[in-house]
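One chain, chain A, links the two complexes that follow: it is found with chain B in the first and with chain C in the second.
Presenting the complex of A and B:
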């Protein structure tokens, strides 16, 4: 009995000693990490995705950075919609040092509020690896850079090669509006849906509006309209809806009941000839089967106004930013430089996940046929827009434009009143 | 005599059989009524159950099949693969732990503070007590979406004051506090209405016996409050468990957020695998169901609180 008790006491003493030693060890480790080699020390990275493939890609990037510099990176992933809706609070509060975000107005909006770190000096180092259009997309309203691009994808008309071959149609030859209308009519004659469309989410149809507006009225008008420098009640905007109305008879009738993936299914199941969407959905085809993916192809949206040809494309650019309120902005900068440099891009490519990188250094000979076609769509365009909800005020795109387009689908004859209401709601927005 | 007697007997017998028939007929009518009611109830039960059954059915089907054949296609494959994937993708242990870390202290504090508040406003009469009760209930009327920006700024300011931005913001502590603040009004309201039904004499005799305020509350009132506390406990647990909003806006690190945000991990940026999501939803719904079934009796007795006196 006595022995047992004393034994306990020894144990307890040992435990205390152990705890003290452990405490010292932890303190020592923190001291050591405080003077770790490399410019910047441990930092955190915020990913705006929890999807499997992009996560593999980003973790490959993070691992390569840690291997090179020895800097620890904490990887925080948030589901993209939650991340996006909460970004304003995130940036004002306790953001990660470097985080994943989008180019264009969405970045400029937050840069303007002083929430993003100016990374112009990073661009001085890696700028020569990117073409000018990407630098423009990475530049804030004050002329400084706040963003480093990762990858892009174009919006265009997607179709299945085998299906078109069966019908005997050559989508590559569809150059202008009349060709396109003829093709749609022919598809309808075959009992097919000409153009698979969806707008249940409120954003899917924005891509169609963007391209119609850019084709009919040109890049400058489109950008000015979204920037509030032109009016929605303008006759030129009405012209956009007049053309859109011509496409309606060839679309599926349940546009408002389908989210984008419902429209994609129409293409996958060979019920529709064309599908206007961003090329990212190729991943879904690949998931279905390699055969389906190999069958997928894209062409640019046809020309409508010869003055503008096919000079504009919606091609959202995703990438990275450094947060001003992060705990270690220098660490964030160091990381973003690595991510933008060919070295980081290569680390992402090495994961084997398909990426159409913005970096000039990517070896394009490894592109598959679909990626090559995406590149061709990009190359034909002179101007790159980001997508309606990335090119205009966030409080205008989602809550106002989305529902307006949905109500237009319910009653296309009410174009005038919908546009008037759009303009009056823009005018009523609080100044930034 | 005997004839008349006989007649009377016959008449009586006739009357008796008539009454019996009437009874039978009315019984028959009652049976028909019962059956109609049963069908009615059954129909609504099915209507209520349909979403759950459909969710369960969807959770057994692979998304690939839906994508190829549509939602209404005949199932070729039914299995639990979605559950296995949901469990691994949701990192359940972490997120369940986070939820417990927020829910348990929050519910405890709400019940404790709510009952203290209700005790004061019902047992002591002073000028401000009705106003106080109104104030607490009124707080409940503000939608969270309206006040979250000021709360967010306040949390950051307080954090800066202490020297650690993560003192309230991005910490479970802050989320617990906001839940307590928001739900206490409702708890106070329910508990005070229940306390009003407890006879004043009990309190008076406690006072006569020399009970201090704390003895009065902890040893006399609190034991009497068990039924409403239990039902409130279930309600609060469910509400806080289901909360997504506060954890989203008051936390920036996803790995600190509760189970509701783990469901978000199953939705992709563009692709949403609804079958996988259905499996996740079934898993996430389990704990609330368990809490409900364990405390079912108290919950139902709580619902009828105040419908009878006593």
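Presenting the complex of A and C:
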């Protein structure tokens, strides 16, 4: 027994050593390529994912770029939370020339700090392939562009077609809150979880808050609340939590023990009827099997207040930026132009990993059923929000809103005191 | 001290001084380098960041441009003490952690060390078994236990529970702290055991013999003879217990990430200072944590050394 344990331990140490050596290798590669001169020389690309599907997709893009230009690209991958936590230090140190990032406030903040390369000239070349809204999403506070979109995905209610067919439920017919509550009750009656939910990571539940707030109080109130122009203590926000509380009996009880992928498992394993999440996880279903992916479908979150209908959707845009402190910013710009151009998009599509690109050139007739449904969710919305942690101050979203929602799950009756605390913490934020 | 002794000491001192003067240039250079470089590194890597953190805790700053630093006075501290409920939650967890380590884990480690020192049957096995986790970092321990206890982990699998019905070891507020403390103790007990065992081995066997000849019971011998003889080790054990409980971070970070799943001060420092949301509230948390750790330790050590002097 003991030998067995210590044997494992050696393995683990070797593993760690390997990891350390790998890390050094990556750091070495970064340093080396940092010395490379010129616009067309070797450059480095920083991916903020280590997951299987997106990695295949990005490496397809990198390979196509190298094949076309002959420029070497070092591919450095970091797990997304770690990447986010280190971003500020990363951009001030020796960052990769081009890296994966997000549109909206998160990009504008770093552009404003002078850490991102102005790529307006790239937009002069490829801008006609994108609709105006994407250009706005890529624009910093100074009116210049700092970002090139890769793809988008809507947040909505996901379900398995085969499950719903078995039960005899038609999710497409769930239009308003009463329909939705009825459906959840029916699922519960079948011994199923109505709505798979997670919040261990502290951000998952933000998507539910966003959509409830937008449905009940409308886009403008939501945006104003996140911008600090409305108060968290407003009765309208309490109304959001009152509705949220109505959903709790139909959710799994271990919300705080599951991260988003745990809740996804509930849907994958047919234990839950619906899963409120961004559609990006389609790739994870495809990793399981083609049947699982083909079985996946999305509908918009139901209407609550007829004044606002279903006019808003959280649809974050992911994409790329060029770092100012990278060793080869010209190389980074050359790469980002390729990534934004239809040629690069096609390279990503050719990997077979599902992508709903922001590029107008993607042939929408080639969309599969799930992608068409995502497009329909988008088309129904008049207003597009990014996501709570992309639409408000980062020192508010992560350290304050995240734990507040978690403590709400622990004690939903404490809504009032949690909202008061949220407001007083907003008021105490450092002046910008 | 008598005056004769003082007189005696003087020539010795002078001789020493003379000797020092005979250092050659190379000697001095060597000494300078050997002392200077570590001192420089120490100041640059320990004292400078520590002082900078204390200064920054009184400012507003996003951590990017030095020019953006704004004086904030006590605003960050006020914010933490009066507006941030999670601070008090975290403090509570840290205090529970400290009490648990102080009352349960550390005494258990001492008990084990004592039993192993007495060479009870199978002591070699216990020694290795309890020492094993000590060579693992808390981060690795977090990975192992997370694998066992998460909703789709081994334990819930063996219990035959689906993810939705899984025992919420890390999510349920009623017992997640005890789960975490058990994990942390798994290592801490072995650590204390090892330290104490080393101390026990160094206790003169004749002391115990004398005690048993005088008719002392086992407990009396430990309490009145062995324990006092182990004073230096006891001090180390107490200091380590305090530090380990307050600096706890890696285990929680592995299991909960930087979200507030089970808030502790170490994670609050990280959550506020790392990433996009950098604010000097994190620096203020760091200073609070520093004071919490240093004040009891310094006062304890001072008292101990005072006793030694008298």
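Please note the rule applied: the second predicted complex is superposed on the first by the 391 of 432 C-alpha atoms of A that agree within 3 Å, B and C clash if a C-alpha of one lies under 4 Å from a C-alpha of the other, contacts with A are read in each partner's own complex, and residues count from 1 in each chain.
Note that contacts are C-beta pairs under 8 Å (C-beta built on N, C-alpha and C of every residue); 3 or more make two chains touch, one makes a residue touch a chain.
Predicted, not measured: the structure shown is a model, and the values here were computed from it.
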A:375 contacts which: chain B (first), chain C (second), both, neither? neither
Quick one: is A:253 in contact with chain B, with chain C, with both, or with neither? Answer first, second, both or neither. second
After the superposition on A, what does A:95 contact: first (chain B), second (chain C), both or neither? first
Does chain B (first) or chain C (second) touch A:269, or do both, or does neither? both
Is A:51 contacted by the first partner chain B, the second partner chain C, both or neither? first
Of chain B and chain C, which one touches more of chain A's residues? C
So, does A:106 touch the first partner chain B, the second partner chain C, both, or neither? second
Does chain B (first) or chain C (second) touch A:406, or do both, or does neither? second
So, A:220: does it touch chain B (first), chain C (second), both, or neither? neither
Given the touch rule stated above, what does A:76 touch, chain B (first), chain C (second), both, or neither? first
Please report the chain A residues shared by its interface with chain B and its interface with chain C. 81, 85-86, 92, 265, 269
In their shared complex, at which residues does chain C touch chain A? 60-65, 70, 72, 75, 78-79, 82-86, 89, 125, 128-129, 132, 135-136, 140, 150-152, 162-164, 166, 168-173, 256-261, 263, 268, 270-272, 274-281
Okay, in this complex, where on chain A does chain C touch? 2, 5-6, 9, 12, 16, 81, 84-88, 92, 106, 109-110, 113-115, 193, 196, 200-203, 252-258, 262, 265-266, 269, 271-272, 393-399, 402-403, 406-407, 410, 421, 424-425, 427-431
Which stretch or stretches of chain B touch chain A in the complex? 64, 67-70, 89, 152, 156, 165-166, 169-170, 248-249, 252-255, 261, 264-265, 267-272
In the complex, chain A touches chain B at residues 48-51, 54, 76-82, 85-86, 89-90, 92-96, 259-261, 265, 268-269, 280-281, 283-284, 287-288
